[in-house]
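Have a look at this one.
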Amino acid sequence: MTAALPVARRRGVRAAEKGTDRAARPGVLWVLPATLFFMLFAGLPLVLVAVLSFTSWNGLGTPAFNGFDNWTRMASDPSVLQSLRISAVLTVLSWAVQTPLALLLGVWAAGRQRNRAVLSSLFFLPLLMSTAAIAITWLTLLDPNFGLAAKFGPSIGFPDGNIIGSSRGALGCIIVVVSWQFVPFHTLLYQAAARQIPKSLYDAATVDGAGRVRQFRHVTLPQLRNTIVTSSVLMLVGSLTYFETVLILTGGGPGGATNILPQHMYMTAFRDYQMGYASVIALALVALGTTLSMLIVRFSGFAKMRSTLEGI
Amino acid sequence: MGESPLSRRTFLSAAAITGLSAPILSACGTSGPGGAKGGAKTLQAWVLVDQAQNRVQNTAVDDFNKSATGSKVKLLPISSDGAVYADKLRVSMGSPTPPDLLFNWGSGSIRNYVQAGGLMDLSDKLAADTAWKNSFLPSVLDAGKIDGKYYGIPMRGMQPVVLFYNKSLFAEQGQKPPATYDDLLKLVDFFKGKKIQPFALGGLDQWPSLMWLEYLVERSGGPSVFENIAAGKPGAWRDPAVTAALQQIRDLVGRGAFGTNFNSVNYVNDGAGLLFAKGKAAMHLMGTWEVSNQVDRHRSFAQKDLGFAPFPSVAGGKGDPNAVVGNPTNYFSITTKSGDKDAAVAFLKKEMAAPAYVDALIKTGDVPAVTGLESRLAASPQPDFARYVYQLVQKAPSFTLSWDQALMPQFKTPLLSNLQKVFAGKQSPEQFVAAMESVK
Amino acid sequence: MAVVRQSGPGRLRRTAGRRLGRANWAAGVASLVWLAFVITPIYLMVKDALQTTDSYLDGGPLSLPHHLTGHNFADVFDRGFTHYLINTAIVTVASAVLTVLLAFPAAYAIVRSRSRAVSGVFRLFLAGLAIPAQATIIPVYLMITRMHLYDSLTAIVLPTVAFGLPLSVLVLSSALRDVPRELYEAMTIDGSGSVRLMWSLALPLSRASLTTVSVYSALNAWNGFLFPLILTQSDEQRVQTLGLYNFQGQFSSNIPGLMAAVLLSALPIFVVYLFARRWLVAGMAGVGGK
């Protein structure tokens, strides 16, 4: 892996085009196990969830087809629309909270000073814990009478510590907990990316008399553009998985205030046992995930970057 | 628990055999979990995780297994959370290998399984053995009936919801537990004036709030109101008793009966129990299990201060003040797919009313639904409380099962969620009724 | 897209870090605030886990620990937590090994093959990235029960690996693209076939990415919650995350016991972090960069 690598590779491509490449090429057989496995346990379920969306099934016995019943029901079901809205709010807010934090922390932690290295090794501790462990720990902290909520609630507008039990507070709690859990990961991405920025760019900026803030705006940010996109995609698509946190912390409450789409689907499927209807909600979830990723890809030129790596 | 890796590996290989042989076996209708070859099986008995209870259940299992020549029983504690347990059970009942014996709450908790032909009708077995049948309190045995048939045998204590109060605190303040709803309102105002939260309430877990609705509806309208709701009669939620009860709840919340942060307080991690035990709340409406919880965790409070009273009467209400709500008991039911139904029946016959099992239950603080216990309850760690509960249930003309257990599954989430909104002041009683009527 | 490349420290000589001589005090203070936010829950978890039930409430939530005890840990072990950890370890190792075994040949073929079908497979995995696992849980549950795998550790491993494949294939193929074509040519002159090429050329040269993929799939499996929640039921098959979820009600007021269990569930990863921080972190950053 040398600096000459890209050149070498380009030359290789040309050689291949001229047909001078005689190295053995693996056939389709090589991708078969992974593809079959993926299709069986991820692809097939995706097809099946579409099939199940046209059935009525209570988890026992065999699903029975019921046409578009589930679909027409969803169209007029206010609780699904509400869940969709809450999911959107949670997704946008948690993105807006996590991105600046991770970006600044990552750039800061990219510095090679000793104190930064020590601190950032502590920053990454939440990465090591499971969602279940994190949610359970926070649940005890949020007790309004005996936990931290009692101590800090008054200073953030909850004089009685009633944070997780109020609609706005509960959503805030979810955002705080997922930020605690996921900011470290995104910090890691930014840290690694910031370390790749050539020093010469900063030297040039310094010569131009740019201060720290201007350097950040005109050198660091543009250089991190790709990482911002990557991190945002992971964050937005990842926000659909906050389900575990919601299930353990609030169960969707109070009064459905944190009932995000995956939680709604889970409850419909495994508490209410309306598997067919839950499948429609699941499809909405797939649509949401795909749309989000595609939008980001479209607006960021992400696809182009990817395609440059494809097909050597 | 705490098994060695070796026994786990043995288990895995057993599971692998079952997985392979299940399709073949089910063709002859003898498939069962842990189905070893030959006649003797290992019957899986699913129960809720509860250390003290599981220990007692295991003594019954061991006693049965000692003398059993054929199939043995194995206890499988699944989860401590009733909702999670119900989920798991549901999933397992849909699988080819459901448990043989399953702990349940009767009524809505098993109605679907009965309709799908998944549970064994025990009526004949009970009719054929009247001594066995008569060993259970009839009201509690009957509460396990579905469509006039018995599907469950009472297997543990009765758990009515009781009004707990802090005896020492009440004595200090010169107060008495409320006999009427008006007394209750006066107590709320009194304790609020003393800067003591009148009632502890674990609103974060949602179901503790439901107990208030259950009792208030029962007192205002009698048991028929909820019977109609459970039967799915059109307009049943519109009963004036429901609206009246919700109005009372809003009034109680407005008066500060539960403090202000009750929706942030959990019950499962003892947020509410701790408030009550530390004297920060004067009363706690909760199932009888609260006593064993408090004994386990705050022993001195449980011994010195824990008082209990019936839920007060409501003036002008149609309900009998002696009626109770809660969990009549838990039942063991047998699945039709069980590999050895006769052995499962034999287990229930031999153990569920056996003096050793009943006495062991009493020692854990349970009050079993078994007849003729008056003298034996002295062995309970809380003999006064045990006698109190025993009489409470004997006297009760009706024992309404907790709504979240009795209703069909699709009602559970909307019920709890909408009620939480009423408690939070985000929904009017009329909106609640409309929301529940719209659930299909 | 490959923003974060696997790179040894040696390659990072000329970087942003030392660009400014004077210390950035504002950022330093802000990072200390963040540190407090990150550390407080962990401190409380450790502190509560070491205290007796009676004393953990004394002196408020943030007080210094006193009356230290190891009793809570003994209690957690008594309740079968060792068994859950062993189950989780089995699932973790099986998932990581299976992921690598499946993903590496696929990634190798994607980079080296000229078949149309193979590039179609690459696009399939790209699209697969966007499928949220939650959305397919109902059919996965249906399939697992029909396959008679319900309530087995295998039931957890299969979908866990399937949903880990897209990212693993992408990371690995992206690393394999960095292997210079000339090397393949050179080995071909020796008469090596595809298997030899993969084994003695591609594999050693993509060791860093293999670490990335193994670490990431292992962490995912260790911390997995949804698949075990839906696909297993019995105590025998319980993994640590579900063990925690169950302990919640069981320990009720006993928050010290619960926190001891939480601490124990993270302990193995903490130990790995302590001794092999570099590749654990590289593993996670590597995946994110793809």
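Annotations
Order of writing sets the labels: A, B and C. Residues in every chain begin at 1.
By our rule, a contact is a pair of C-beta atoms (placed from the backbone, for glycine too) under 8 Å apart; a residue touches a chain by one contact, two chains touch by 3 or more.
None of the values given here were measured: they were computed from a predicted structure.
In terms of which chains touch, the assembly is arranged so that all chains touch all other chains. A centroid comparison over C-alpha atoms places B as the chain most distant from chain C.
Looking at contacts between chains, the pair that accounts for the most C-beta pairs is A-C. Annotation: 40 Å between the Cα-based centres of chain A and chain B. A separation of 15 Å divides the Cα centre of chain A from that of chain C. Each of residues 57, 230, 245, 248, 255, 258 in chain C touches at least two other chains. Under the contact definition stated at the top, the residues of chain B that touch 2 or more other chains are 91, 94, 269, 274. Residue positions 139-140, 146, 270 of chain A each touch two or more of the other chains. Taken in their complex, chain C has these residues touching chain A: 1-5, 12, 14-20, 23-24, 27-28, 30-32, 34-35, 37-42, 44-45, 48, 57, 60-62, 102-103, 105-106, 108-115, 117-119, 121-122, 124-126, 128-140, 142-143, 158-159, 161-163, 165-166, 169, 174, 177-178, 180-182, 184-185, 187-188, 192-194, 197-198, 222-223, 225-226, 230, 240-242, 244-245, 248, 255, 258-259, 262, 265-266, 269-270, 273, 277, 281, 284-285, 288-289.
Interface residues of chain A facing chain B in the complex, by the touch rule stated above, are 58-61, 139-140, 142-146, 149, 160-167, 169, 250-256, 259, 267, 270-274.
Contacts from chain C toward chain B in the complex involve residues 53, 57, 77-80, 82-83, 86-87, 141, 145, 148-153, 230, 233-236, 245-246, 248-255, 258.
Those residues of chain A whose C-beta lies close enough to touch chain C in the complex are 1, 5, 8-9, 12-13, 15-16, 21-28, 30-31, 33-35, 37-38, 40-46, 48-49, 52, 101, 104-105, 107-113, 115-116, 119, 121-134, 136-141, 146-148, 150-151, 180, 184-186, 188-189, 191-200, 202-203, 206, 212, 215, 220, 226-227, 230-231, 234, 237, 240-241, 243-244, 248, 262, 265-266, 269-270, 275, 278-279, 282-283, 285-286, 289-290, 293, 302, 305-306, 309-312.
If you check the complex, the residues on chain B that touch chain A are 83, 86-87, 90-91, 93-94, 112-113, 116, 118, 203-206, 259-266, 269, 271, 274-275, 280, 409-410, 412-413, 416-418, 420-421, 424, 426-427.
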